[in-house]
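A, B, C and D are the chain letters, set down in written order, and residue numbers restart from 1 in every chain.
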Amino acid sequence: MNDAQPLLVMEGITKTFPGVLALQDASLHVGQGEVHALIGQNGAGKSTLIKILTGAYRRDRGTVRLAGQEVDFHSPQAAQRGGISTIYQEVNLVGFRSVAENVFLGREPRRGLFIDWRAMNAEARRLLERFGVRVDVTRPLASYSVAVQQMVAIARAVSFQSRLVIMDEPTSSLDDREVETLFGVIRQLKGDGVGVVFVSHRLDELYAVCDRVTIMRDGRTVDERAMGDISKLELVAKMLGKEIGEVRREGETAFERSGPPGETLLEAWHLRTGPALKDASLNVRAGEIVGLAGLLGSGRSETARAIFGADDLTGGELRVNGAPARFRSPAGAIARGIGFCSEDRKTEGIIPHMTVRENLTLALLPALARSGVVDAARQAEIVDRFIAQLGIKTAGPDQKIRELSGGNQQKVLLARWLCLNPELLILDEPTRGIDVGAKAEIQRLLSELAREGLGVLMISSELEELAEGSNRVVVLREGRTVTELSREELTQDRIMAAMAQDPSPLAVTGAPEGGARG
Amino acid sequence: QGLPKLAQKKTYKVGFAQTESNNPWRLAQTKSMQDEAKKLGWQLVYTDAAGSAAKQVSDVDSMIAQRVDAIFLAPREEKPLAAAVKKARAAGIPVILLDRTVDPKLAKPGVDYVTFIGSDFVQEGQRAADWLAKKTNGKATIIELEGTTGSSPANDRKTGFDTYIKKFPGMKIVASQSGDFARDKGRQVMETLLQAHPDVTAVYAHNDEMALGAIAALEAAGKQPGKDVTVVSIDGEKDALQAIIDGKLGATVECNPRFGPKAYETLIRYARGDKIPAKIINPDRFFDANNAKASLSTSY
Amino acid sequence: MSLLNPPRELARDRRARAVSLLQRYGVLVALALLILFGALRYPGFLSAYNVFTVLGYNSMFGLIALGMTFVIMTGGIDLSVGSIAAFASVIGALLSPHGLWPALLGAVAAATLLGLVNGLLIAYARILPFITTLAMLLAARGLALLFANNQSVSVDYDHGFTALGQGNVGGVPFTAVLLGVAYVLGALLLRATPFGRHVLAVGGNEEAARLMGLNVERVKVLVYTLSGALAGLAGVILASQFGAGQPTEGLGWELTAIAAVVVGGTLLTGGLGSVGSTLVGVLLLGIIFNILNFENGRGTISLSAYWQSVIRGAFLLLVVVLQNRLTRRAAGGGS
Amino acid sequence: MADSNAGPVAPQAPGRARQRAGWWRGHTQIHAALAALVLLFLFNALFTPHFLSVQTLNVNLTQVATTVIVAVGMTLVIATGGIDLSVGALMAISGALAPMLFGHPPFGNAALGVLLAFTVPVLVAGGFGLFNGTLITRFGLQPFIATLILFIAGRGIAQVMTNGQLQTFANAPFQYIGLGRPFGIPFQVILMLAVVALFAWIMARTVFGRYVLAVGGNEAAARLAGVPVQRVKLLVYTISGLLSGVAGLIVIAINSSSDANQVGLNMELDAIAAVAVGGTPLTGGRATILGTLLGALIIQLIRFTLLAKGVPDAAALVVKAAIILLAVYVQRQQH
């Protein structure tokens, strides 16, 4: 690297939250034009370190130098003005506002006192083209998929012409091709001498774009290396704090194929809920893991939601254990032994102000209660067991779930369903944003449960996970099941092929200029 | 230019702009206006300002827009309603004020409006004070329960009473708080003031409702209204007279809400061209133990 | 390379556009129908006199509702507007001997100050808007009574103060003109200036707005200050129109304003809304009073104040339920 | 299955211990409220003559009882992220109904009349609460507006029923609810404490209590976790209605008269203020019944102090506002 003058130097950063020592003397060095990987288990402190850099949190101790000068940003604005732009872990945009507004919020192009809508929309359109995103920039952002939203966030961050761009798990909701586009952009940035901090739990991605890596564990920086000088195996070992020997061979997922499946738990025929889901059919048998594949927006989530009774069916039929079923609400599905873990942890998963205990047992409550009164002892016992079993990193069952790291929140939500002993578990992106260690645990857990007879329907954007973990994979395209791949045909390429076949691109007709809804 | 003329007809379309309908007094006033109109076979445009002077002005506006022959106005406030009076006159519609008047600096009887019919709130306060002074031989520790803060009956009844008792060194007001002309509020305020001033010997309430509330409070505190504490108030509603009969309320100054007959009669005389006095003060009675029983049937 | 945009986008699009039109103009249609009803049923209803006096009276609510619209679009609420208006009317009356402008500016400034206090407490002391402005509702009322020493304060008629509330240009009362101007500016502010967009962004997703580098606190302080200022203006009109500063006036105005804003289709949760339809909402709710008065004038029935409030409640129910049907279909699906 | 792959089963004691620890951590806000209350109490003990007397205690407790009972329902509503502006109006309705029942008992059976007077009005109020809930769940109205409708129309309904007339009465068995003094303790105070205890327990121990918080904390997530969101909402508004009904009975019992114009006037504000001062954030997802009790007591003591000290109405308003803000500010730290 051309470290004539390191771009960013963070030293001795310490941060405590009530009851949690999030960062302890952590450090981070990034050179100009360097793409720097930041990795660590869930809860290692990555996001916290980033939020301290961008002024979203105040640090307790430590120094931050940007291009030589000591800086101390009091707010995200300050950091932005200081030349740091950030893509936060949770997509953080304003859904009601138009795509263009979301790109330019806070620095709208003006003519005199007034916003220059024409310029703003044109500029936004141009910017997004760079990412192969062709959308009506005057439409509310919320009407686009998580993927589009993520790309908008990235475009916004990049468009600041900053010296340092921070990406906290930008790829967790992108598919491979989108990831490739992103990498293209990152390389451009690199070329322009911009520094990039890149957080991801997908190791291959790190090797693909990063020059150096900083490894964190339990709030400490445990190592910093050139990406080339460290093997995946060593990397994982370091972030888990284990001996290399203990770490399983790289590249392999933790699934262990289960035995012959049992009788059919679920049959779905020609499900339709609206434009997003037109005709999906699939079935899941006891003891098997069925993968659900498709591009973003292909309707996987809608399929899951339809089965679970979260969206109303406008067509098609469901059979549970052979008997026809129609769920007007999730409660109905739960009563029939079905569980569902949404892809959107923040808005559809956690109850932020409730404790880990209450979040974990929320769905179990009726079973935990005697005539409406909760059996606290049993509750505590179950909670303790699952915290131990899934290795949830928390100060205790009474910690508010919003204070947990992204990955640990995800584990609590998994536990919410596992503690029900469901017959069928529907998981939408279950390992999204989960570190390799935890991911392996979860995958192992799933196959174990499957072997004990649990049926699993698993949505995942990670083809490897699907290929390795599923007994069968059902493929969706534009709201329709297009094919089903059996055990034998299961390879990443074939899934990809089935998913992507002639993806008909369509540009959305441009809307009236300045068409922002007031 | 003087008052708008009013043609002589056998029936009129008149407006009655009421201030509020949240106490027995107002209800009695409205009822009297409506009943009398029915009796005469007149058409009455009734509006209720729900306690807002501003709305009352716009109510009058809507009467003007409907071209009523005349407007009876029970103004909520002296000053804001002068505006309404002027608008009506400009539109050539005669106005008669009921119960409360408007600021004489802004609108004059005989010029801007025909006349004011009602009671003299200041005088009511004085009459209450006078009775209390006599009853207690000029020695009393008094709690005053004020009407709705800022309303003219509250202000005037306070002035009338307070200035009058200044003549008596032995009479002092130890606490004066608003009970909003309401029984419940009056009770609560009284309960509290009783704790701070257990030595109170007299209560002056700006209307009967609060007086009745105060009586409840006194009894709850183990005092005997009428014996340990003398209560005097204003309005003369039925419940109050009953309380006098029961020996709990000392006296109440009548503030007669039955405006109907006098109001319409005045309008007829005005149309006929008779000379109308600037002020028509109701001959308000005074109720105490001597006449309460006899007057019960005729009170509202 | 295509990033989704599945066909559904287009489908959603057309429906959304259609519905959002219906939604924008649904209230307008309702208003038109109500006016038509009145015009056909009551002589004098459309008379210049009635139209202008109704506008004049409702200009106060209009101004307050305008400020409330901005507050609500940030996801907040301002319960103090009624008291602040009363307070401003008192200050205006007290200053009226110095002429219209000194009184106007003085009173509005005083009200703006109270609005500023609201804003600072909400943005920096982080006390919830509901509580902050609930406290200000009490405090401003108290101040009004203190300054007025418990009585309404007569205004000075000789130095032009009453021109604002009682004057007119070619029959059209100043107050009505003022209202129109205020709403045009308001609409511009919301649609065409960064501030307006930031207001909506803060209401749409406060955390995101902050992380995206908006000065959320500043935006909040500004909207409550604006709301205070407009309430102040309404107060001055109150004093100037009715010739008195009235410390006890303005009870429940905040609810009227909030109802108008919601009837106009602005989300109480913030982030979405329009200024124009608030004005429609104000007139819709205002004209109901007028109609009830006229109904009583027909002599067939005489609705007591009690029946009137029942009817107003039922009417509000009707409008918001319809409004809500539309709004919800418009927002339909969009996550 | 989950049992078969059971990890180390934690002994139960620590579980409970942690729960208690959690309770304390979870309820820091009531410590603040408690402190504020103690301060007010000491102040009065020192500077208000005759303050330390059973009499004074009784007066304050009896006066605060209705506010507390209503505020408990309000706390549940607010915990689901809602608000109920209709409580005062519902008190008026229940208050208007009762005398009609014991006034003209069916079959001239007085006992039956009283029995009905205790039940029917409360159920009717609960029914209106259910109506609020339905507007919110079925029609998707925002709680503020949904309950604003009955805030406007509800009192009108009560006034229409009574034609606005005061109903005065003397009926010992019925008035026991307001005047009874078992063991010298005012009955409504016992009722108040019972209600507080019951709902504090419900919130702390029952599934319903957790559901209420879950709905207020993240409705979408709660629904996906199988929480019957709609039913929970319907229930809290119904409860709020029922408790308002009870409060209405108490008020008229104390006054031996029912005045539809006055019963429950401004109760919504008192109740909401009590909830907020008690440390329940109006944003939903969190709640403390005990805090609400303390909050109501604080406000009551403020009112008492100001009156006893003869602070004029106007100034009192300002002081009250300041103290409410202060109390809320002290607690907002722990969010």
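The working rule: a contact is a pair of C-beta atoms (placed from the backbone, for glycine too) under 8 Å apart; a residue touches a chain by one contact, two chains touch by 3 or more.
Computed from a predicted model, the values in this text were never measured in an experiment.
State the pair with the higher C-beta contact count; candidates are C-D and B-D.
Output for the comparison: C-D.
Where the centres are mean C-alpha positions, what is the separation of subunit C from subunit D, in Å?
Distance between chain centres, rounded to whole Å: 31 Å.
Report, in whole Å, the distance between the mean C-alpha point of subunit B and the mean C-alpha point of subunit D.
From the centre of subunit B to the centre of subunit D is 36 Å.
Roughly how far is subunit A from subunit B, going centre to centre by Cα mean, in whole Å?
So the centre of subunit A lies 72 Å away from the centre of subunit B.
Could you put a whole-Å number on the gap between the CA centroids of subunit A and subunit D?
Taking the mean C-alpha position of each chain, the two centres sit 43 Å apart.
Give the residues of subunit D touching no fewer than two other chains, as numbers and ranges.
In subunit D, the residues touching two or more other chains are 159, 164, 313-314.
Got the subunit C residues that touch at least 2 other chains?
Correct list: 145, 150, 304-306, 308-309.
State which pairs of chains touch, listing all of them.
Once each pair is checked, the touching ones are A-C, A-D, B-C, B-D, C-D.
Please output the residues of subunit B touching subunit D within their complex, sorted ascending.
Touching subunit D: residues 21-24, 27, 149, 175-178, 182-185, 187-189, 191-196, 198, 212-213, 216, 220-221, 239 of subunit B.
Write out the stretch or stretches of subunit C touching subunit A in their complex.
It comes out as residues 1-13, 16, 20, 187-188, 190-194, 196-198, 200-201, 204-205, 207-215, 271-276, 333-335.
Help me check something: in the complex, which residues belonging to subunit D touch subunit B?
Interface residues on subunit D, with respect to subunit B: 48-51, 53, 55-56, 59, 62-63, 159, 164-166, 168, 179, 251, 254-257, 259, 261-263, 265, 303-304, 307-310, 313-314.
Quick one: which bits of subunit C touch subunit D in the complex? Just the residue numbers, please.
77, 121, 125-128, 130-132, 134-139, 141-143, 145-146, 150, 255, 258-259, 262, 267-269, 304-310, 312-314, 316-317, 320-321, 324, 328
What does subunit D use to touch subunit C in their complex?
Residues 83, 85, 135, 139-142, 144-145, 148-157, 159-160, 163-164, 269, 272-273, 276, 281-283, 313-318, 320-322, 324-325, 328-329, 332, 335 of subunit D touch subunit C in their complex.
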